[in-house]
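Take this structure first; my questions come after.
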């Protein structure tokens, strides 16, 4: 796996690499290098299947992380390509021309994180939600419990949501579970 | 006076046919359930469904044609029943059989699908034209072997009267057209599979493709009317087959038994077959069954 | 009559809490006199309700994960057809709507449309904890929590998910209620349409439906 | 300037679903028809969206188990395994030998239940009412075994971090064997009315075709890819749990049509039965079923990310998990097999399909809507 990372390093700048498992290598690249790297991987190596494509919200760093997982089924190895993009103006290059399934991944990411992929078909078309007016729900600063209480309300009678409270009430505050 | 009496007898006959049709439908559901390893609904479930559909409170209509469809379909069933002798040689059971009744009955056969196509299309639902188109095209396909079989019988007997055709087989079961005209019988009984609308030729009302096809917009009382029509249609068709191929019936009991046996033929096929697509079923009917029908006609002519 | 404030018992305009049944009192526990013969209207209603109860058509709409148990229920292990319960392929030919578990807002819109297409009398059976109080999706941004604010529920079958036996018990309850003339959710819906509409409008922001063909 | 399609007025728009007896769950397919032929179709989902991934970010690691098993209803155990495996990998926990085998058993049982159900669904899609009735009952017998083992009929929540909740009950192997025999006894009947029936063959052969060229573009997996002649199976390619020690074969076919996909399932049922028998035989008789884990209320896992995959009955399923040093996951993304099958692949398959073949095609892929939208 390490040779392969060096091969990538020779062409594109690899910020970091982490061999998570013998069959799973993780690398981080700059955003400008992402699309050239993916195109190179798709056309020149065995890593031509996009298994999975999603985003992580690193709100502390003010960044989104895009994760592409490519798999070489002949060599039975996977490569995870991580790209950090700016959270304030989240825009990334679309890869729908490389992998047709990326269309829905990008559609979903636009809806759930607000990351836009210019040029991607069905961008902005509702996939999972309908008539959503709040901030994109998968962002860390979206509070789903507060939203649920505000929008739907709860049936009265449910006073506690923490299982520990429930146990404490059932066992009469005897300290069935000890605090650590 | 005689005419009035006949009208009375025939009306009672229609009621009996509806009841018997519903009961047979219940038995069929029970049989299917048994084959599938289930207990199945009670045999009288058809009556309950009918009653329940009549007691649905609001019926949405889409104009006069929408009413016309179920009425036409039921009229087709009643028409077939009224113009063929249910019980030969017993005046109350002879109904209104006359010299050319076979031609009229063949015409009534179209009423079922035609009524659905006309009435359902008034609903404006996109499933309806697709379902109606399927129904009509499948009907034209299975009419071919059936008409060829009927032509063979008519050519041999020289009469267009169901009454005469039945009397020609009166000399015991060896005289039945089923045995004397095996090719015609084969073609007609294969065509019957399509007529009855059971698998493998039930794509018209298939629930998981175009949900129930032409009947999509019908509910409540309409469904009840359609159910009545279906019950009497099935029984009337079975009586026609009984008259044409199984030598008719001379008593009510015989009629019940023969109708039931003929009904079971399509049920036995239906239990273990998936359904054909409409183009495949058309290709099926215009293939071997049509050829058998042609052979039957040729045998009858030469 | 607007939407009730959150945190309070949701009340219908009639003043009766949603989903509550009258408590047993002396008049319901003890006979007050000799049984009276049914009047003509009552007899007709009894016959109608008996027929309606013995032939239920369940609309084929698996709205949530509870619909996985409708498979065993309909097939040979549990066989709901022996009680006269069959599937209804379209809303027009169905009388029972099963809300099988959690209901996302997007589905709620379709369910309301389907429910309003069904001919009266119609009944709603709600399965699972999720329809009662949100269940484990109590903090989800996408699912509604209290179903009876949006649709009149006749029978709740609790559990996650309810077993087929529980479903059969629920259907039996529904049949008994129909026979007694108590399953009147659809009348409640008609009478309190404004209240239900206000609640529905509160969660469904986008009312545009595509050109649906059912 | 846009080029007008001259046929556009001749097309009928039709919505198949979400209220439709023929779609695989609560999803919709918008199709445009010319006559009976589908010109193009679009998959619409979101009707089952619950925001699982958001909910998991709000729950402690152990609290996520009741949630993940609801991601795909017919086969919940794959989800449980993937979550457990991801967190164990990131948290550095090794599970004992016995737990490895018990997890393999449960995964294979759920695969078997799901495969049996899909065979019934494929037959039912073409109007054969008897087979779904039989197979749902067979599935129910497996669910009975699940209930005995885990206490739950549909949702099991059997796996926990570090292993599984409990050992096999006494006599479980014999009762499982009886269930497996029941399935084997029923298979010839199913063959007779489906795979050997001329009507069913005519209905399914050459229908719902997939193109092997798509394999290079999309992450197709499961029976859909094995029906095109590619022997791709996560259990073989990326071995996990006890699968390396088990003897089973990856079934392939070359038809690429509905028939080939259903035939693969039918043979996989036999393979699955074989695997379950081997697991019950080779399983260590005693030993702990779970490794000790930190206190679940205060358990914190350092920053890391991983992708774990397993073979479900529909194909490859993967969990992308990110932790950030807190007591909750930072992000979980569920990559279901249906995600590719339901959107990119199905939308290509719809073109030129007869409307009557839509439902058998969908069932044969298959698609599981909750997996696509979580």
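Letters A, B, C and D name the chains as they come in the text, with residue numbers starting at 1 for each one.
As a convention for this text, a contact is a pair of C-beta atoms (placed from the backbone, for glycine too) under 8 Å apart; a residue touches a chain by one contact, two chains touch by 3 or more.
All values derive from a computational prediction rather than experimental measurement.
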{"item": "Chain pair with more C-beta contacts, B-C versus A-C", "value": "B-C"}
{"item": "Chain closest to the middle [Cα centroid of all protein chains]", "value": "D"}
{"item": "Chain B and chain C, separation of their C-alpha mean positions in angstrom", "value": "38"}
{"item": "Centre-of-Cα separation between chain D and chain C, whole angstrom", "value": "31"}
{"item": "Distance from the mean Cα position of chain D to that of chain B, given in whole angstrom", "value": "44"}
{"item": "For chain C, residues that touch 2 or more chains besides their own", "value": "60, 75-76, 87, 89-90, 106, 139-143, 213-214"}
{"item": "Multi-partner residues of chain A (at least 2 other chains)", "value": "128-130, 137, 142, 144-145"}
{"item": "For chain B, residues that touch 2 or more chains besides their own", "value": "36-38, 126-127, 207-208, 211"}
{"item": "Topology of the chain contact graph, where touching chains are joined (line, ring, star, complete, other)", "value": "other"}
{"item": "Complex interface listing, chain D residues touching chain C", "value": "13-15, 18-21, 25-26, 30, 46-51, 54-55, 58, 66-67, 70, 73-74, 117, 132-134, 136-137, 139-140, 143, 153-155, 370"}
{"item": "Chain B - residues contacting chain D, complex", "value": "32, 35-38, 126-127, 130, 199-200, 202-203, 206-211, 271-280"}
{"item": "Touch list for chain C against partner chain B, complex", "value": "48, 51-52, 54-55, 60, 75-76, 79, 81-82, 84, 86-87, 89-90, 92-93, 95, 119-121, 213-214"}
{"item": "Chain A - residues contacting chain D, complex", "value": "20-21, 23-24, 26, 48-52, 54, 56-57, 67, 69, 71, 73, 76, 78, 80, 82, 99-101, 103-104, 126-130, 137-138, 140, 142, 144-145, 163-164, 177, 180"}
{"item": "In the complex, chain D residues that touch chain B", "value": "12-14, 20-22, 33, 36, 123-130, 133-134, 137, 192-194, 197, 199-200, 202-203, 354-359"}
